[in-house]
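Presented sequentially are two complexes of chain A, the first with chain B as partner and the second with chain C.
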Partner chain A sequence: MDIAIFALKRLASAIVVLFAVSVLTFLIFFAIPNGDPALRLAGRTATAQTIATVRHDYGFDRPLWVQYGKVMKQILDGSIQSYTQHVTVFSQIKRGLPATLSLAIGAAIIWLIVGIVLGVIGALRAGKATDVAISTFSFVGISAPSFVLGSILLYLLTYKLRIFPPGGYTPITQNPIQWAEHLVLPWVTLAVLYIGVYAQVLRSTVLDAMTTDAVRTAHAKGLSPTRVMIKHVLRVSLIPIASLWGLDFAAVLGGSTLVVESVFNLNGVGQYAADSVRSLDVPPVLVITLLGACFVVLMNAIVDVLYAVLDPRIRTTTS
Partner chain B sequence: MSDIEVFQRAPITDEVLRVEHLKVSFRTERGVVQAVDDVSFRVGRGEVLAIVGESGSGKSVSAMTLMGLTRSPNATISGSARLADGTELVTASDRDLQRVRGSRVAMIFQDPMSALTPVYRVGDQIAEQIRAHEKVSKAAARARAVELLERVGIPRAAERSRAYPHQFSGGMRQRVMIAMALSCSPEILIADEPTTALDVTIQSQILAEIEDLRQETGVAVLLITHDLGVVAEVASRVVVMYAGRVVEECEVHEIFKDPLHPYTWGLLGSVPRIDKVRPDRLPTIQGSPPSLLRPPSGCHFKTRCPHRFAECDREPELRALEPNSVHRDRCHLSLQDKRALRIVDGAIGLPIPVEKELS
Partner chain C sequence: MRHRRTVLGLGLLALGLGLTACTGASGSSSSSTGSTANSTDKPGGTLQVVQGTSPDSLDPQFSYTTQGAEADDMVYTPLLQYAVKSGTAGTQLIPGLAAALPTVSSDQKTYTLTLRPGLTYSDGTAVKASDFTHAIERACKISWGGKSFYTGYIAGAAAYDAGTASSISGIKTDDSTGQITITLTQPYGAFANLLAFPSSAPIPSSTPMKVLSNTPPVGVGPYKFGKIVPNASYQLVKNPSFAGFKIPNIPTGYVDTVNVTKNTNTNTEAQLVLNNQADIFDPGDTVPASVLSAVQSQAKARYQTVPLASTYYFFLNTQVAPFNNVAARQAVNLATDRTALARLSSGSLTPGCFFLPPTIVGHQNGSCNGADPNTVPSAADVSKAKAMIKAAGLAGTKVTVWSETRSPRQEFCAYFNDLLNQLGFKSTLKVIQDTVYFQTIGNQSLEPQAGFADWSQDFPNPSDFYLLLSKAGIQKVNNENFGNVSDPKIESQLAALLPIPATKLSSVATGWQTLDTYVADQAYVDVYGYQTAPKFMSNRVDFNKAVFNPVYYIEFSTVELK
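Then we have the complex of A and B:
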């Protein structure tokens, strides 16, 4: 019963969040100067008469809430169209999704594994040169903007050393090797920031865990240092990392791929969003933002469940 | 007089642990802290030896050192701690020590609330220790864990063994710790303030449990405590520590009947007594323990001792004041002086406020 109430509460708050996101995104475009979509739809050489006709046909002269309602209805039945290209938004998103998912999932796996390895090494070598090197790398990674890092990698490794192919995306179904070759640099560019964050977070949670009473007990039991480290230190330290990972993955898929996709010309959903923003094309931006928000809300729920699975203390307080 | 000589006179015939000249120091940013300064004691088979002292006296560090838990790059450990068969704990390799921990020397800690790993079932945590030392199947180890939990008085042990630590009360968790400690039939159980974090009613239950198991299994208990009430309840012999050193060692009845060291008198004086009119303020030992970075020369207690005299600048030895006695203390006062000075208001202990001056 408690779980049902909990789920209902989550659902209600998710709906509120999504509603707020949709309203805000919708309104932003009316606050932007030169945002009038009728001007763009009517074309460069349109007369005032044409513009007025377009405005009336598209309903841009109706009250905002009516326009909002119409747009939302079109989003829900999937018929919403771009203002600039006469195609449905969802078909465009579907086209870009493989690239975006390949980028986000690959990067998330890389930053999780590398972040954990560096974090653990940093904790085990705390204060030594290795630790200092990892920390330095982490902070450089955290502070380097992805468009700078991506451009540098692209310049050095693609144009100078010609190790990787220039930007673009090859579907994995077409050629897995080319798929990976095209994605290595975007993955690294996107992952470096999170590797730095995870390495530092894990380093400190591991260092904290190593001095707990429970770990002292584990040593006193006569367990091997490796077993103590894996079963009693890491197992506990990874709980916050697991939830962090879920939320960061959602955030990346909900928007952070945008810059990297543009730098490497991956033609993914992020790049579609960026192009749409540039041309003040409201429908794609609205849909992509809402999808991102949906995904963040969903991942939040998954993380909550994951937390309960990983930490028995949460389990008893929620059930 | 060497410690060895005293040991030979002592009545303990069958000892499970002999600690000699144990020294533990830690390098810190502010200097070297001599946490344990030449400590020697023995634990006989099946006895309860209590090490008494306040925070910072080195009692816990001594105990943890036996388990190798103080080993670290900035710790220096010397001296010797040998088990009955001659196994040396101080110089043992990490690997050898790992085999001893939990199987021959087991330990329970002060705070049962945090001593278990929160994410595993208690039965599995006990089974983990059994399987670290014996080649048994997971199922067999789990079954033994249930038996152990039953033995330490946990109701519905089979069911409770599948519960997580946070689902137990403090007292029950300490029982789990005891079950775990005894899972491989150790020769010595080190109990580091096992009841300090518990309610008073639970305290005596846990002490009774330890005492029952000692009688049942013959395990020797090294009990670390600051609580003389606990000492009176379960210990057979007492070692009093102050500022890293042993200041008094005797049979348990003597510490209450004939305490020889002024520090012990202070400890005894600060215990509330139900057979006396309670004073407005409980007597305390004036001042605070010396910094172990730079302890006073000579007697470490002299800065707080109301009975200090010129001689105290010279370091006193741990010695027996009467021939053939196992009662030893580290103080320059003569036996006659001690017996006269320690009586305050008809009881043993220091008066409040301390204003006594001598010589």
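Then we have the complex of A and C:
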């Protein structure tokens, strides 16, 4: 029962957050100095009458709250259209989503696996040359902006050595081999940053776990080092990694793929968002922001509820 | 369990890498952008075009970008169109769907044309004269970016646009004879140019009054649209019926299909063409400096820079200090190092100092105000300019230079800001976001003193440029005459030149040159160059045969595979 109330409270707060995000995103476009959408849509040589007609046709002459209500209604019934291209926003998102999901899921699997492997090795070889090498790799990965790393990989492995194709996306349903071919470099580019973070976080938590009483007792009981590592160290150490992964994955889907998509021309949702922001096209930006926020809020809620299930103290404190 | 999943994940990754290694980047991909040009698909072949920006729309009555016009030019032949030729010859108007150039009444307010007989759209529907009216009304109704050209000059168009009339009274058509008569509100010489917009091309009168970006209407042209993925790619497929119309001087096309795909990474875009994995680099993009040397050395025979009708200049507000003083304007014109600015553009700018750009009637080369833009090293004279500012008592005057964020425009303005400080002004740079830049400097309440400006032709007519320096262009908001130039001499010359029909423009070339020289002498603007565009193609294409038209850039119907 406590869990149900807790979940309902989280749901209610999620709705408030989404409402706030939608209002803020909507207002930002009207707060931009000289950002009048009617002026942009009417063209550079537009007369005062043309601007007035455009303003009326698009409803920009209505009060802000009416415009907000109209836009939200169109979002909910799926009919919302881009101002600059006049295509349904959801059709564009549907077109770009497979590329974005393929990129995000693939990269998330890579960074989780490689991050865990490197984190454990780093902890087990703490202070030795391997640990130093992994730490160095991690910091380089964390520091390298994805557009730099992606461009370098493209230059070396595509333009020079011609191992990988020059960007673009092929649907998995069309040709799974080409799907993988096109995504290897974007996966690596996106994953490297997170691999560094995960390796360092896990190294630290594993080192902490290895010095706990429970682990010392397990060793004293004569359990094999592998068994101790898996049952007593990793089990504890991976809990923060799991929640971190959930939130990072949500953040990636919420917009972090943007740069990688542009560098590798994946033409996904991130790229669509970037194009829309550049042209100050309110509807797509609003929809993509809301979807991103939904995903982040949802993942947050799931993590919170899971934590509450795992640790009753959180439930009590929150209520 | 978790351990097993890990192994599976690594296995999948290894499989992906392994498959990639096995297949390599053979270029056999059929991806959205990375596809290799395949020379043997069909008899006429398939052309692969890459572009950094998608058309805003393919709907001819909505699209208002170069990329959109490039595509629509192939699908929608207007009543008049530009000769399918390179250079200045490509700005000449020729009959398109009209049987001949228009007959203009003696008061230059009535244009009469007649449709060619037997025309059909690509779906087989017969073309009617009244379809022209529908196209113009539709452009007004769905807010085409250039609709002010129609509402400003066609009688009754403004009332139709405002919703006070049910049709445009100034357009009369006769479907039985194919005659179209258009009445203007005032003489407007460039009106024939408006008839050459793809937005003026007839479309079936059943076409709904809403933007059709996914499914543009059918047209009459050498190609028709195939598969369209908005914001990603589109396909042009040869229209078999077009050749049957035998319209003189309009090519019917060589290749069977043109695949145009978006690639946001211009490095990749250029590499694809350099490596012959794509056939045409979109002229709307700039070949990145990092690839340019490779292009110039490895693909010299298939790369060329083409001057465009696009002027780059610094506007100087003639209504506020210090540029309300002609000495100040002449000084900055004298001191501007145009060759240095061309270098900042990585070769995408040709130095120049006259307002009218190449391919536009009235354009001239040479020096202005003692500064010769073509001299290397530059003839810019900073010392003399500094003395002029001092003598005018303007040293120390505060100036704000407005700039966009995007490169190289910001670099141009940074240079200009430094120059003004060198000359003795106290100048600061104000950089604002590209999307709202022109609206911001077009807001008169801000009184912008100087900054970046450019103008690319809507159509190849000097009147399109002189709107920017005429009294009519001054508005409180959305101002395009950023310098607020209001000179009776300019106005009187424009009054004589503007009514001359576009088909007779060459007869008044000297008049336009005289006006342009006067503007340079008065230094109303600080022009520093004209934009160039790359004509860059793969070695599969007959480079010399492919026409780069100054209005619609690459004419796909002239591109032939070897």
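FYI, the second predicted complex is superposed on the first by the 299 of 319 C-alpha atoms of A that agree within 3 Å, B and C clash if a C-alpha of one lies under 4 Å from a C-alpha of the other, contacts with A are read in each partner's own complex, and residues count from 1 in each chain.
Here, contacts are C-beta pairs under 8 Å (C-beta built on N, C-alpha and C of every residue); 3 or more make two chains touch, one makes a residue touch a chain.
Everything numeric here is computed off the predicted structure, so don't read it as measured data.
Because the two structures share chain A, they can be overlaid on it, and in that overlay chain B and chain C fit beside each other without clashing.
In the superposed model, A:L154 lies in contact with chain C only, and not with chain B. Once the two complexes are overlaid on the shared chain, A:N267 sits against chain C while remaining clear of chain B. Using the contact criterion defined above for the overlaid structures, shared-chain residue A:T189 touches neither chain B nor chain C, since it reaches no partner. Of the two partner chains placed around the shared chain by superposition, chain C is the only one that A:I177 touches, whereas chain B remains out of contact.
When both complexes are overlaid on chain A, the residue A:S102 reaches neither chain B nor chain C. In the superposed model, A:D57 makes contact with chain C only, not with chain B. Using the contact criterion defined above for the overlaid structures, shared-chain residue A:S243 touches neither chain B nor chain C, since it reaches no partner.
A simple residue count on chain A separates chain B from chain C, and the partner touching more is C.
After superposing the two complexes on their shared chain, the closest approach between C-alpha atoms of chain B and chain C is 16 Å.
Comparing the two complexes, no residue of chain A contacts chain B in one case and chain C in the other. Residues 3, 6, 9-10, 12-13, 15-17, 19-21, 23-25, 27, 29-35, 56-57, 59, 62, 64, 142-143, 145-149, 151-152, 158, 161-162, 210-211, 213-214, 229-232, 261-265, 267-268, 271-272, 275, 277, 433-436, 438-440, 442-443, 458, 467, 475, 477-478, 480 of chain C touch chain A in their complex. Interface residues of chain A, counted against chain B in their complex, comprise 212-225, 227, 231-232, 235-236, 239, 310-313, 316.
Residue ranges of chain A in contact with chain C, taken from their complex: 32-36, 39-51, 53-54, 57, 84-87, 91-92, 95, 109-110, 112-113, 116, 151, 154-155, 158-159, 162-170, 174-175, 177-178, 180-184, 230, 262-265, 267, 271-272, 275, 278-280. Of all the residues in chain B, the ones that touch chain A in their complex are 67, 69, 94, 98-103, 106-107, 109, 111, 114-120, 128-129, 132-133, 164, 166-167, 177, 180.
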